[in-house]
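Chain nomenclature is as follows: A, B and C, assigned in order of appearance, with residue numbering initiated at 1 for each chain independently.
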Amino acid sequence: MKYYDRLIFELSHPGRTGFSLPAGDSLPVPEIPAHLRRQGDTGLPEVSEVDVVRHYTNLSQMNFGVDTGFYPLGSCTMKYNPKINEEMANLPAFTGLHPLQPESTVKGAKTLIDGLDKALSEITGMKKFTFLPCAGAHGELTGLMLMREYHMARGDAARTKVIVPDSAHGTNPASAHVAGLDIIEVKSRPDGLVDVEDLKPLLGPEIAGIMMTNPNTLGLFEKEIGKIAALVHECGGLLYYDGANMNPMLGKVRPGDMGFDIMHINLHKTFSTPHGGGGPGSGPVGVSERVLPYLAIPVTSGFHGNFGVMVKAYAYILTLGRENLLMAGPLATLNANYIKESLKDLYKLPIPTVCKHEFVYDGLIDDGAREGVPGATTLDIAKRLLDYGYHAPTIYFPLLFHQALMIEPTETESKETLDAFIDVMRTIAEEAARDPEILRSAPHNAPIRRPDETEAARNPIVCWQPNA
Amino acid sequence: MSKVIDGLLYSESHEWVKVDGDVAIIGVSDYAQAEMGEITYVDLPGEGDEIEKGEDFGALESVKAASELYSPVSGTVEAVNEDLDGNPQLINEDPYSNWIIKVKMSDDSELGELMSAADYEKSIG
Amino acid sequence: MSSFAYFPHTGEDIRAMLERIGVSSLDDLYFDVPADFLHKGEYDLPSAMSEQEVRSYFEKLGAMNTTLKVFVGQGAYDHYVPSVIPYITSRSEFLTSYTPYQSEISQGTLRYIFEYQSMICRMTGMDISNASMYDGPTAAAEALRMCVACTRRRNKVVMSTKLLPNVQQVIRTYMKYPDMELVAADDVLAELGPDVAGVLVPSVGKHGGIQDLEGYADRIHACGALMAVYCDLSTLAVLRTPAEWGADIAVGDGQSLGIPLNFGGPYVGFMACKKDYMRKLPGRIVGQTVDGEGRRCFVLTLQAREQHIRREKATSNICSNESLMALWVTVYLSLMGPEGMRKVNELGSAGAHYLHDRLMSTGKFEDFMTGRNYLNEFCLKPLVDVEKLQKALLDGGYFAALQLEDGTVTFCVTEKHGKEEIDGLVKIVEGL
């Protein structure tokens, strides 16, 4: 990766063009009345096609992706993105469909969505999915709206509080708030699990439900989920399953069987569709029998959701088939435990049990004998990993540990990849003891050094200005 | 060791109050600014806004954190420190001389619920 | 285990790894899952397909669809897609990358988002844009939420019934659950009052009419509310911009900038505002700064606003954006430039007016656009049986004359369809 310092605006030369349009058929162009017409220039760059291609190719070369190397990124499930999926999503017979075309002309697309719905329902144990949500948080919001519809339909509209464990993904409380729900936080026990006894006094006639992810963000299976489900249902509430951590459950456990009523699943995590630098994603929401009547009520996006992403996920499911889907979860779990066990002599493992898809270290072990360790923070370790050609793990989350390093390898990574990563993590631990400055000043080989984020936030420059 | 100034009153949410007649001058403690790290923005209320004890009247932001500011007293915002707009680092530099708002109190008995400097020092250990 | 292309584990690997972990089988890794919850047996799903089986299955599904000559817009526009765009956006460094939190190895994503934000600001006239939203309708709903966040003790919002039907529907959904009141009105200014936080109006109405928003900003601001304008990004190259109308927030969809129809998604919503409201703008934002060596670089900034830090205090729960689709738009606008954008609008407008006049001369419609200015989309009142009309068009390979709730039928023309195809459409109508 090399540093390249141009912006497309800076390549602009008046009179240059990069478009190719038909000349038109000499039809008269109607005049837009002056008071409705744009007054100022568009200020768009004027560049040739080759300028555009070279510029964006250069930009791409400052980026790291799954095809570049390994992402040990907790809760993000960065697995390999198969190429056949891309090819299928780009078939003109799909990309050329207008979303409002009559049913009779989109039978293939509808069959595909139905097939994906059936597959997801079978994998999760839910009854049916809506595909309107375009991302995980969007799925959470849609799911919580369904929770409210369920209560409103039963004349139980006073249920406006939702319980969220303190280990939850940050989107959970935000989604609950946007859905008009108040949040009650429940603390985790020292072993990282939700305490059923803590939960009991919170349950009552104001509780709409509980949001959980299982395994939780520490990678631990909430084994008392059966009891929790019974208690929440008994008090009249519903259980929401945050599907961000669904990957290790593939082939092993179905949220529907655990008693969950509503869930979202991230097609861009569990079902391998690429993250695209932050999106597009897709966060379909599935429901149990009791929520099924309300599934169509919240219309949370403009047409049918991110259809192009659905095509990719369905291609992935068909390629895996029932045999390989059974193996995906166990192999992901195998990979996580393998790394966890291989580094626990150097990195603090606050909860030393078998994990699922991910686990959390709380920084380096400071055994007193190894000088300099306290000087190397989780941030430093993360930045040093970039030098060795890896993406950083998720850091400083969950908030339960001060130096959290959250690692999730997926089933698409080989033993050799994991071994090489383990070696690098060991090297970094050694560097931290020997020469912590090399960590603090990392990265050294990336296209840029650490940026000044404080300056960016104090004096925001968020739009290009000539000569700025 | 965070600096605590005698003669000021403190809230559990780390605001300090200096009483000047029926006006409360409010800022955040040295402990609070140190916990936040480099402050990048101070979200200020408007002059004339009515605020209630215990409710948020603004927020401090750093790169990786945000913290609401909770009012230690009820009343009307009489002045806001405009210097902080564009110079949020003033709070890091000197949290006690760089006040955030001045409030005309509607009920000065609320002051009794705040901590003395000594008690506050104990609470932050 | 049998070999599978995406799982690199050999039997020997698995044995060695289990040994390091200290368990004897893969099943043992699930020792803590109560037996009741362990899934028994296989999924009721098809067996694994080879790549060529997958391809032929999807081609079969594709063949069940009918590709039509699209003469309908209503929020999804059939524009030409320059071949450069998919070439760039399918580069794996862009496609397979994560959200650019690790800025040192994400300068590619961060730079194009900065360019995207700058282009959105230029097209709308606003000061600051976020890094994109899911789609236009969700961006519209978020804009109204933002109006409530930007004002004090006001929780009523007003939307124009001239907005596209799907935009209105998503707004209704978003406003139903929180403590906010939504009013839908044809004359939004009549709804202004001291409790109104914001007003959303379209720049082009659902019937295609270009809206005259003169005086709106003054009236809305005088009552202490914010003005948001919903617009199609492509048309802003020639139409008066939200900023020129005096608006505070601009939202809409960017699909018309070179993104394929994709049966409705992925598209890209945009959202931009005036500087004063920067701290309330939801979603990711990229900012410029310098690195340790003083070089210009880019980072995600103002993150203290976002859901992962503010949790329930955040204005919005939005986390993922539509980053790759923002790249799609950025490359499109770079290729088109000011001249291309003017031309693409002229071609659509010329085609639409020609189609309008030809359809009127068939005698099968009553005009709906008299006294209205329009660009590339318009409505007519049908004087013939609509089902018959639609079926005849469909049989001829056209998707056109979609009926709106009020009975009018809508048409849209882009540069993709020349005079010959327009004449073909008219001929079918004449034959009715």
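The rule is simple: a contact is a pair of C-beta atoms (placed from the backbone, for glycine too) under 8 Å apart; a residue touches a chain by one contact, two chains touch by 3 or more.
Treat the numbers as computed from the prediction; the structure is a model and nothing was measured.
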Which chain lies at the heart of the structure, taking centres as C-alpha averages?
-> A
Give the chain pair, either A-C or B-C, that is connected by more C-beta contacts.
-> A-C
So, in whole Å, the Cα centroid of chain A is separated from that of chain B by 37
Just give me the whole-number Å value for how far the CA centre of chain B lies from that of chain C.
-> 42
Could you tell me the distance, in whole angstrom, between the mean C-alpha positions of chain A and chain C?
-> 20
Identify all positions of chain A at which a residue touches two or more other chains, and write them in rising order.
-> 453, 457
Please list all residues of chain C that touch 2 or more other chains.
-> 302-304, 309-310, 313
What are the residue numbers in chain B that touch two or more other chains?
-> 40-41, 61-64
Within their complex, chain C touches chain B through residues 152, 279, 302-305, 309-310, 313
Taking the complex as given, what residues does chain B use to touch chain C?
-> 40-41, 43, 46, 49, 59, 61-66, 68
Of chain B, residues touching chain A in the complex | 38, 40-41, 61-64, 88-89
Quick one: which bits of chain A touch chain B in the complex? Just the residue numbers, please.
-> 396, 453-454, 457-458
